[in-house]
Structures are given as C-alpha cells and as structure tokens.
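Labels A, B, C, D and E are assigned to the chains in the order they are written; within every chain, residues are numbered from 1.
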Amino acid sequence: MTSSKGRMIRLSLLDKLDHLSLGKRVRLHRLMYEHGPGNGRMLILPIDQGLEHGPATFFPNPDSANPEFQFKLAEKGGFSGIALHLGLAEKYAKKYAGKVPIVLKVNGKTRIPPDDHAFSPLTATVEDAVRIGADAIGYTLYVGSPKQPDDFNQFRKIKADADRYGMPIILWSYPRGEAVNSQGGKKSLYAIDYAARVAMELGADAVKLNVPVDDPENRKEQPEPYGSLEFTYEEGISRVVKTAGKTLVLFSGGSKLSDDDLIHRARACLEYGGNGLLFGRNLWQRPWNEALEMTQRIKKLMCEIEP
Amino acid sequence: MTSSKGRMIRLSLLDKLDHLSLGKRVRLHRLMYEHGPGNGRMLILPIDQGLEHGPATFFPNPDSANPEFQFKLAEKGGFSGIALHLGLAEKYAKKYAGKVPIVLKVNGKTRIPPDDHAFSPLTATVEDAVRIGADAIGYTLYVGSPKQPDDFNQFRKIKADADRYGMPIILWSYPRGEAVNSQGGKKSLYAIDYAARVAMELGADAVKLNVPVDDPENRKEQPEPYGSLEFTYEEGISRVVKTAGKTLVLFSGGSKLSDDDLIHRARACLEYGGNGLLFGRNLWQRPWNEALEMTQRIKKLMCEIEP
Amino acid sequence: MTSSKGRMIRLSLLDKLDHLSLGKRVRLHRLMYEHGPGNGRMLILPIDQGLEHGPATFFPNPDSANPEFQFKLAEKGGFSGIALHLGLAEKYAKKYAGKVPIVLKVNGKTRIPPDDHAFSPLTATVEDAVRIGADAIGYTLYVGSPKQPDDFNQFRKIKADADRYGMPIILWSYPRGEAVNSQGGKKSLYAIDYAARVAMELGADAVKLNVPVDDPENRKEQPEPYGSLEFTYEEGISRVVKTAGKTLVLFSGGSKLSDDDLIHRARACLEYGGNGLLFGRNLWQRPWNEALEMTQRIKKLMCEIEP
Amino acid sequence: MTSSKGRMIRLSLLDKLDHLSLGKRVRLHRLMYEHGPGNGRMLILPIDQGLEHGPATFFPNPDSANPEFQFKLAEKGGFSGIALHLGLAEKYAKKYAGKVPIVLKVNGKTRIPPDDHAFSPLTATVEDAVRIGADAIGYTLYVGSPKQPDDFNQFRKIKADADRYGMPIILWSYPRGEAVNSQGGKKSLYAIDYAARVAMELGADAVKLNVPVDDPENRKEQPEPYGSLEFTYEEGISRVVKTAGKTLVLFSGGSKLSDDDLIHRARACLEYGGNGLLFGRNLWQRPWNEALEMTQRIKKLMCEIEP
Amino acid sequence: MTSSKGRMIRLSLLDKLDHLSLGKRVRLHRLMYEHGPGNGRMLILPIDQGLEHGPATFFPNPDSANPEFQFKLAEKGGFSGIALHLGLAEKYAKKYAGKVPIVLKVNGKTRIPPDDHAFSPLTATVEDAVRIGADAIGYTLYVGSPKQPDDFNQFRKIKADADRYGMPIILWSYPRGEAVNSQGGKKSLYAIDYAARVAMELGADAVKLNVPVDDPENRKEQPEPYGSLEFTYEEGISRVVKTAGKTLVLFSGGSKLSDDDLIHRARACLEYGGNGLLFGRNLWQRPWNEALEMTQRIKKLMCEIEP
C-alpha cells in the first residue's frame, strides 16, 4: 500500500470492476474475495484439457484422469474456481457445491482436426451456467482464424445472454489459424497484444492470455512496429495488460514448467499487472502433494504481491 | 460381491447413476433392471445398420431384412432394448409396446458418400422419442471429423432437449474423418480413448465405444504417448472405461465374429468395466435359433460377471 | 384371392397401412379407393418435369406444355392423383377441385446445374399442402449425394410437419451424386435397394422407386454382395419391394417407352409387389387419345392384378 | 376485338388473373387499369440499375443519377409503376404517393463480384412493401446458378409472405451462372424458356423475361431439342409466353436500343402475347424530352395492340 | 447565405433530412446541432481502429491506447460523437454520459485474416445501441466482396431494427475484396462511386466514404466509363456526394496526414458537399495538445463553410 505501484494497480482494479452490473459484481466477488487467495486475485484451475488435448494430457499424473482429483485439489487448495465443460460439472461438481465455484466453459473442441480454421462450437449455454450455479462462463475465441466471423457472431450472442443474466465472461482470447501462423505465430506480441484488445473491444469482463514470447526467429514475420520490437518477459506482460484496459487479465500457465519457471511466471504476471492466474496442467500434472504444495506457494505469492 | 474388483465396480455403477435426474433414472431403470439381463447390465440390439451400411448388411441372414426379425429377437431374447431410427419404430414397434424398450437413434447417414467429412444429420428429435415412448436416445458423434463443430452444436441442442425431458443419451462416440485416419485410425487407442473422454466432457449419460486395437502397423502414427504404448485387449478396454469416468460404457460388437471371439469379447468387456453391450450384426446376422442361443449365452455371462 | 401370392400381398397391404395415423389413412383412402383404379392401387400422374427437366420435356407432345392437358388427362383417365409443384396447383387446379386429388411436390430443382451435389430445396411447405387441400406430399431425396446431410435435415422437418397434419408422404427416393456414379450408378440394384431402405428408415409412408437394372457393364462397380449379383427384371422389383418393408412402393415410368415395354413394366411392377405406379412422360408425351387409351390399359391391369 | 388473335389473348388475360386472391387482384388492378396504359397492360419503369450496374449506368444521361428524374418520368409519362429498392423508395417516393405505384425490389446485388455463382440476397421484405404501400414486389431469381437451391428457398419464403399479404410477385427470372454459360448462354431459348416455366412452377404472378435470341454461334451448345431449333424473333417471344402459361409476362428492354429497334421490340412483345413491358435504361438514359416522347409512343402502342 | 452555392447546399441538407422518421431526426439533431460544430455538420471521432487495425494503431501516440484519451478528446474538443464498439462503450462511456454522443459500431473484424472475402460480423445489435443511449449506429459494408450476399442480408436486418427504433444508420461503405482489387482497387472512383450508390439503394441514412483517388496507374483497370475518366480531387468528392443523393455523406480521414494535407482534405470535403467528417487516427495519433488544436482548426472550418 505504500509503494506507488501498489496504489496504481489497486486503483486499476476498482476501475476495472466499477462499470460491471450488479449480478456480475456479486458473482465476481465470489471468485475474487470469498474463494481463492481472497484479495481481488483469481486463481482458477482449468480442467478442459481432456477435451482440448485429449486424455494424453493425464498421462504424466494418471490420477488426474479422474476429475475428482482436480475437484479435490480445487477444494483443498482453495482455488477461486474450477473451469470445465458441462459434462464434467454435471457428473462431478455436486459434491463440491458451494465449496468450489464453477467457471463453465461454454465452447470447445478436440485437437484432432487441424487448427488452420480453428473454431470452437458451443458445448453449453449461459442458461446452463445459471442453472448449475456457475459464477462465470469461459469462452474460447480464436482471434485471426478464418472462422473469426462465425466466432464473433457466436460470442456476441453468448455475451448478450451473459449480460442479461449478470454472468461474468472470461474470454480465452487465443490467436490461431493460418494467418496467425504466417505473421509471427500464436505466441508473438503482435498476436497476443491484438487478442488482448479484441477482448476489450468485444466486451469480455476478463481475458485469459498467454505470456508473449520475443522470439528473434520469427520476430520479423510480424507486421510493424512489432516486427522490430524487442522486449523482455516483463515488458511483454506489462504491455498486454495495458492493452486489455479495463478488462481483468488472467494469465495461463501453458504446458508444464519446472517449479522455478512456474513461480517466476506467476510472480511476473502478478507484479506486472495480471489480476489472476489460470494454471491447470502445471498443477494437476503433479502428484497430489506436489500439486497442493505448489498451489500454496502460488497463493502465497498472490497474497504478497499487492493487486 | 466378495471380490474387491466386484465391489469396486458395483460402487462405480451407483456412482455413475447418482447424479442423473429423476426422469433419466426412471428410464434407465427400465433398460438396466426391468428388461434385459436385469442386474444393472444393458444388452441392446441395434438395427440401424440398414441405414448406416445399407441392405447389404442383411444378406448373410435374409430374414433379418424384415425388422420383425430383430423385434422378435429382442422380445424372445429378452434384450434391454432395441436401437433404431424413427421410420422403423413407427412401422414395427407398436406390436411390442411395453415388451421391447426403444432406444431411438436421432441421427444417422448412409455409407455412400465418402467418410472424410463424416457427419450424421438428425433423423428424429427428442420430442419424437418422448412421443413414441422411448427410454433413451442414441446419437452418433464423429469425433475428430472436419464437421466436428457442426456435430458438437447439433449434439448440444439434442442434449438440452434430452435433459429437459429426462431422456437418457447414449452417445455412439466414433472417431472418424481424414485427421483420424492419418493419426492411427478409428480403432487406435488414441482415437477411442479420446472419444471416451469427449463423451464425458459433452455430457453423455452412456457411451458406445469400440474395443481399441493395438496394431503395430499404425501404432506410431498416433500422437505420443499413444505412439509408443503397447497394450493388451483387456488393458485397452480397461483404459477407455476409466477415461469415460462416470459415463456408462457400452461396447459394440462390430462386424460379425466367430462364436468364440464374440464370447471372448463380451466377457472381456464386462469383466474390465463395461456396463453393457450393443451387439447387432453379431446376433441377427445368425439364423434365428443360433441368434437366440448366442443371446442366451451372452445374457448368462452378463448375469455371472458382477457389475 | 386364391393364390398364395395374392393373399400374401393383400395382407401386406393391410399391414402397410395399419400403423398410419387417422389423418393419413383418410387421405390415402382418397388416393387408393375413392380415386384411380380403386382397389388399393395408386396410379399417379406427375407433372413436375417442367421444373425438373425443363420445357424440352413437352416437345414430343406440344399440347402437354399447357398443364390443362395433364389435368384433363388426370380427370378423364381417372387417376388417383396428380403430382405437381405449388405454382401449377395454384394456377390450374381449382377447376378440378374434388375431381383430381393433389400430391403436392414440396421440393425440386432444375437440371441446369450439374448433378454431382444434387439437392432439391423446398418449393412449398406441408402447410401449403393442407391449405390447398392436397391428399399427400411428394419429397425428392437424393440418397448418397454429398448434400445428403442437408437433405436428411430438410426431410426430417417436412416429416414432422406431415405427421402433425396427418399428411401422407411419398418419397421420391433417388440415388444421385458423384459417389453413386462411381459405385454402379443410379439404376444399380445397390443404389435402388439402398434408397428403398432409406425411405423406410426415415419414415416415408410411400416411396417412389425406379426399377433397378442389372447392367453387366457396371455391375462390378457396386460394393459386394451386389457386385457379383445377377438378377432378372422381376427379381429386381421383388427385392426392392421387400427391402422397403411396410413402405408403400410406387414405381416410376422413367423416360418414354414403347407401348409393349410400358405394359410389361407396369405388369411386372404390380405382380411383384408394387402398390402403384407414377407414370408421367409415358402417358402425357402421347397425343390425347393415345394417352387416354394407354391409361385405360394400365388401369385395367391394376384392377386385374390383385394387390 | 374482331381478330381471333385478339380474342384469344384477351381470354388469356382473364384466365391469368382469375385464380389470384382478392388482395393481389386489387393491387394488380392499380398497375393494370388505374395507372399506366390502362387496358390491362403494364408499363413499368425500373430504376434498380444503380445497384445492379452501378452509377456507370447514369453516365449517358447524367440527370438520371438523381432518382427524381425517374420519379418525374414515371409521373408525367403515366407509367403503371416504378420498380426500385427500399432505399430509393424511402428517400424519394413520398412526394409521388398515390401518383406513382411502387414495385418494391426485395433482392439485388452489385455487379462487382463475378456472376458464376449469381445470387441476390434480400434488400427488403414483403412487410416493407406493405408498409410503404407498394402494389407489387419484384424478386430476381437466377435460374441455373450454382446458388439455385438458396435462391429457391429464399423465394419460397418471400412468396409465402406475399401470398399472406395479397402482394403480387413479379419474378425477374434470369438464367445465370457457369452452367448457363456453357449451355448456350443467358439469352438462349433453352435458358429463357426454362426460366419462364420455372416462374410458373414456383408460383410467380408475373414474370419478367428477356427476349430470346437465336444465335447460330452458340445454338448447338444448348441441349436438344433447342440445339437444333431455329426461330424468329416473334416465334421466340410467342414460345416463352406460351411456356409461362397463366403467368403474366413482362418483357425487359435490356441495354439501350435505337428508337426503331425499341419500338420494334415493344410491338413484337405486345403482339405476340406479352402483358407488359419493363423498360428502364431505354427510357431514362434518354434526355427528358426524348424519354417522355418515347414513353408516349410506347403507351400508344400498348393501347392499340389489344391485350 | 449570400452565395448561391451556400443556399443550394443548405436546401440539400433539409432535403436529406426531410424523409427521416421522428426518432431519427431527434437523434441526428443531437449529432448535428446539440454537439459538435453545431450547424448541421457532423464531426465524429472513431476509435474502432483497435479492433480493425490492432493495437499497432496506438504506437504513434501511446497515450491513445487508453480509450480515456479519445473520450477526453471527444469531450474537450467538442465532437458530434464518438464511434466505437460495444466493449469500449460499456467500459469507458459512463463518465461521459450526456457529454459525448455515441455512435455504436455494430460490426467489425480484425485485420489478421486476409481481406479477399472481407465481411464484418456483428459485435452488437441495435437493441444494444438503444440500451446504452447511442444516437446512431455504424455498420461496415464491404461492397463487392465475395461475401456481399451475407453482408446485404445482415445489413437488411440491422436496418429493419434501426428503422423500428428510430436509430440513424451510418454506413461505412467500403469497396473491398478480390474483385474490387482487380477492377481498379478500393480507392478508385469506380469503387467509391458504386459504394455511394449502394448506400443510398440499401437505405443508409448517412454514408462514410473515402475520397476517391485518380491514379493513372490503375485507372484503366476500372470498367468504362471510369476507365477513361480523369478527375481532380474536388471533382471526385463532388461526384460521390452527388451519387449518394439524399444520403448524408461523411468523409473519412484515413491514415495519418500532414497538417496541411489534413486541412486541405477537410476543406475540400466540406466545400464540395460533404456533411461531415469522421477523423480518427489523424487526430488521436497526435499528442494531446496537437490533437486538440487540430480539432479546433477543423471545427472552425466546419463553421465557416456553409453547409
């Protein structure tokens, strides 16, 4: 509270929430204060990888193939919420009612067909989210895909429903598709910065972003000025947070990292403006004790770094 | 009841049913206890092959071209139910009302156009199933097909209706399409394991799976870790059952097998976690007496192997 | 009535009608008993060729370009009904109200675009059929076309409406499209047998079929067992009638035949199980007197051959 | 009235109107008797070329770029009506309310994209036509285009609305698309004769046709019997009128002709069965005085030649 | 008021507004008289470039990445309104309620996928515009794109809603797509003149146009008569204004120009018939003081040049 950076960011958080409707505020309060780290931070455990990546994702920790593993981790670890598709919610969530808030993923796909025309059809509706008592919905938008027009249209209708029901929207804003691949790739600053702005323009309440990577190999493939822009890990985070404006920013963990790399990622994301973390494989691909311990380390970080 | 395996699986069956709505429980009770083997097992006779494979499927047993054959077999053999399209139900089922429960297939296709972009349009609705007194619906989803987005969308609407009416959903979860073919094929563990998870993620109540085949010829075409995974027949069954989680699993018979192979398949599927069998051609492609006799052998197995 | 064949088929006719709703029975009664040959047979005069084949179809008999010709033929010849599109019905049918039952074609196309992706969009609705007092609708389904999914979907909705209004459905079940062409063609037994089964599976009340042709040239292009199946003209008819099960079967006349060939075709279709004939060009491409005379010869046949 | 041809055609006009609903009769009466030539003839001034051909169409007479020019011409010249899109009607028609009947074009396109898959999306609805007091709607159907299925579907819905509101439908029935181009072209008798029949089959009240051209160069590209059919200008007109049956026929003027050619065209179209003319560029691409004078000459013709 | 040109144009403005509904007049009054320059002129600040061009658009003036910059500029500079997507309006506009009228962009896209089949899906609805108190909507139509049919259909529905709610429509009428590129390009007079007419034909209330460029390099690629038409900057403006007829015309600024070029552009557009300006990057890509100063210079111009 004494550092100017702390104050600036705290003001920012209030600013990011102020315009939201009552229903969205009530529901986000559960994710940001009643559950999880508790000081306006969100730590969300996603288990949509069974659909997105297939059961191969559970091989490093076979116990994790049973969604009970993630639900228990979410409960014992004290997460802000768990993000998953309707089928898993219906089959496994009842036991955790009131203990583990739900972020219902409303669209998704498998990784089997090629990604060139990436598009995730609906797997549930906002009404489903209301019906099962979810506190937010998750929507995956493939920015830049040739199917972008269909995606925008589908999102617009989901957003209209979400606004009507006071349901917060977390947008998985992912650059994808052949045009993205040829302009620096899905991890380039050009792509992720654009994805951050798209989330704000289309009216997401929160956006899930990857951390941009400055890769000298494909830097030049990006349109200018990105094509000649060098940046540090922290500058990349800082920039996309700024671009997202009043949109809450959650950073993803991506594929599994070492302990140190994960802590480094978490710390950087939080210090440079992220409002929360969506870490899945990096937690539940570890055995139970390690997963729980790492969760506590990250939560501790989230409490230490002032939002 | 004394073996630990038996107990474990019985608990599992309760666990798989517990989250279901009253209507789905009532209807599944008919299929699992009032008809068929009767101890929570399902033995379902499908006759959708006339549409899916064409009348060629009836040549080995010309009597079977008349749906009366299958209806009589379902009645005399004491099946849990018969799975078929609306046209057959309307024309042949009235005589068996109350005696043979109906699983209404709500989508399908012919085999004439190539399978690269496999997709089965609707041939009926959940309302049709309610109207004709069906106890479940069957939906064929082609996991991994380029038409997967359309399929997911179509399934989601069917599921919403089925949930609204308390109608159980059996998902024919079939890997299919050019991307499946190039990644190990539709019988690979990669593909079937993925299909099992998709069924759970999308919210099927039961899933019909094929038994995965470990074929050294195309094993390596599969993504890792499947590409380097060797497994026995039983391990394959066990694995996809586990992946399906709380989704009831029915195994299909596929094209016609010898008596011994069929019994072996049935036994393995039941011992290693399957909740039931969907055997069609393997029964009604046999002459009447043989079909009835084989049915009795399989039902006996289903009663012997504790669920 | 004494021959076993006669009895078998008569039973079959009752059997084919028994499951139908009251409304469908009432309307079919008009086509099968009140009009036309009158003993459960249907003789329907189609004039949808102006749309399907273009005005070229009227050149052999220029008078036939005026739909009055066909309406008068239908009235004077005493047909069961006339099959046509909405535009012709609206413009020409009022004068024949109550005298000539209408089978409203609800979909169609021109022959101008290539047939590879054959699909017939709707030209009218079941509500139109109800409004103009039609006694049945006709729907053209292109079995095996790459557009088959759209066709199945479109048909399903038409069927739902037809069932709701008690309107009988005659399905023009036509194999068509590039995959059909490469597997023996649209006149092969493989294709027509499949089309007959599709009609039953999808729930048509009656199906219009072509007579399959055993052509040694392309026999082997068909999938087995059709690829090695030789059959006579009569066996072909008999087989597809059997495949259609409880679906009423009407055989088409196709392009114009000689008098003898036409009578032979009619006789064979009726003796080997057909419930009626849909003869268009073979009648109205003849001058008035010849058309009327040929109609009487065919009706006489239809009365002589026991249904 | 004394010539047999005159009588025949007059009977035909009554015949063409008799089946129409009250609302359509009332509205057509305004176009055929209260406005325009006044004896059952229609002379309609189209100004949809600004959309269909672009502003280039106004270069020969720059004044015509202002829709006031055409509205004044329609009023002073005493046309049956003016045919145009919704935007022009809303912006320019109020001043002429009651003086110039409106034919609202409900679909259209620009000429910029290639014509191979020609299809005109809706620019207005039948409800719009009712709301602005139009007396008919105009719909452009591209017969034979690869988009024909979409076009048929779109037209069917427009027709259903038009029938419901008693709004007459004038169908711009235009052969178009790659299959038309390869079979003799859009001006061939094959194509226009087909287009005339399509209009009748689909249920248009009136059809706008081009005059077919017998071009020895591409005559043989047409399917038989057209491929070997020679015909005069008058025979071409006469034939397509006959093919259109009870559908009222309006002939278009096409691109600008000399005075003599235009009068010749008008006279032939009227003498050989046309019910009216839809002349646009041939009138408003002339300076005001010439346009008015030519209008009077044509109207005089229309009064002289008995309908 | 003394120059004849001034009078002519003022009459024109009245003429352009006269046909509008009460609701549209009330809302346009806010943009044309209550806010902005105030004498019937519109000066609108667009900030949809974050979506259309990506965050790269904000690099020349990093402050502009925060929408507060543009909102403050719109307020302090006294613009007629600000044009933006729903997400920005929801997050940033509340503070400026009543001070900065909103033009809600209801469709848009990113620049990532190629432009060959340009089409902007909806990002909001007219109901959204009503709900947030907007005074107009903006719609981007890609004239000539292969997706033109979808665009026309989408626009028609938006227009129907806008008419129902009395919401003025500003049409971003942009030539785009492969056919445009091959016929002289998106800045050619052919393309922009066509776009102006399309706006009028489809019923836009105002149209945003680019200033056409006479480029000898690609002049000949345009269809005649444009292919041989030379014109000055002022003639180009004058011509497209005339083509737009009673549609209000707003000219865009395009990419950033020098001070002199921008003033020249503004003056020419206003003197030769434009009703207003939509200048974005040319204002907010400048630092705050320069942006404000340039705004004042342009507003001064807008007051001096009589509408």
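In this text, a residue touches a chain if its C-beta (ideal position, glycine included) is under 8 Å from a C-beta of that chain, and two chains touch if they have at least 3 such contacts.
Nothing here was measured: the structure is a model prediction, and the numbers come from that model.
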{"item": "Pieces of the assembly without subunit A, by contact", "value": "one piece"}
{"item": "Copies subunit B and subunit E - rotation angle from C-alpha fit, nearest 5 degrees", "value": "145"}
{"item": "Copy pair subunit A, subunit E: interface residue numbering same or different (half cut)", "value": "different"}
{"item": "Distance from the mean Cα position of subunit B to that of subunit A, given in whole angstrom", "value": "36"}
{"item": "Length of the line joining the C-alpha centres of subunit B and subunit D, rounded to whole Å", "value": "58"}
{"item": "Subunit E residues counted as touching two or more neighbouring chains", "value": "none"}
{"item": "Pairwise touch network: line, ring, star, complete, or other", "value": "ring"}
{"item": "Chains in cyclic order, anchored at subunit D, direction fixed by subunit E", "value": "D, E, A, B, C"}
{"item": "Subunit B contact footprint on subunit A (complex, rising order)", "value": "48, 50-51, 54-56, 59, 65-67, 85-88, 90-92, 94, 108-110, 112-114, 119-125, 128"}
{"item": "In the complex with subunit D, residue positions of subunit E that touch it", "value": "19, 143-146, 148-150, 152-153, 156, 160, 175, 177, 179-180, 183, 190-191, 193-194, 196-204, 223-226, 242-243, 245-247"}
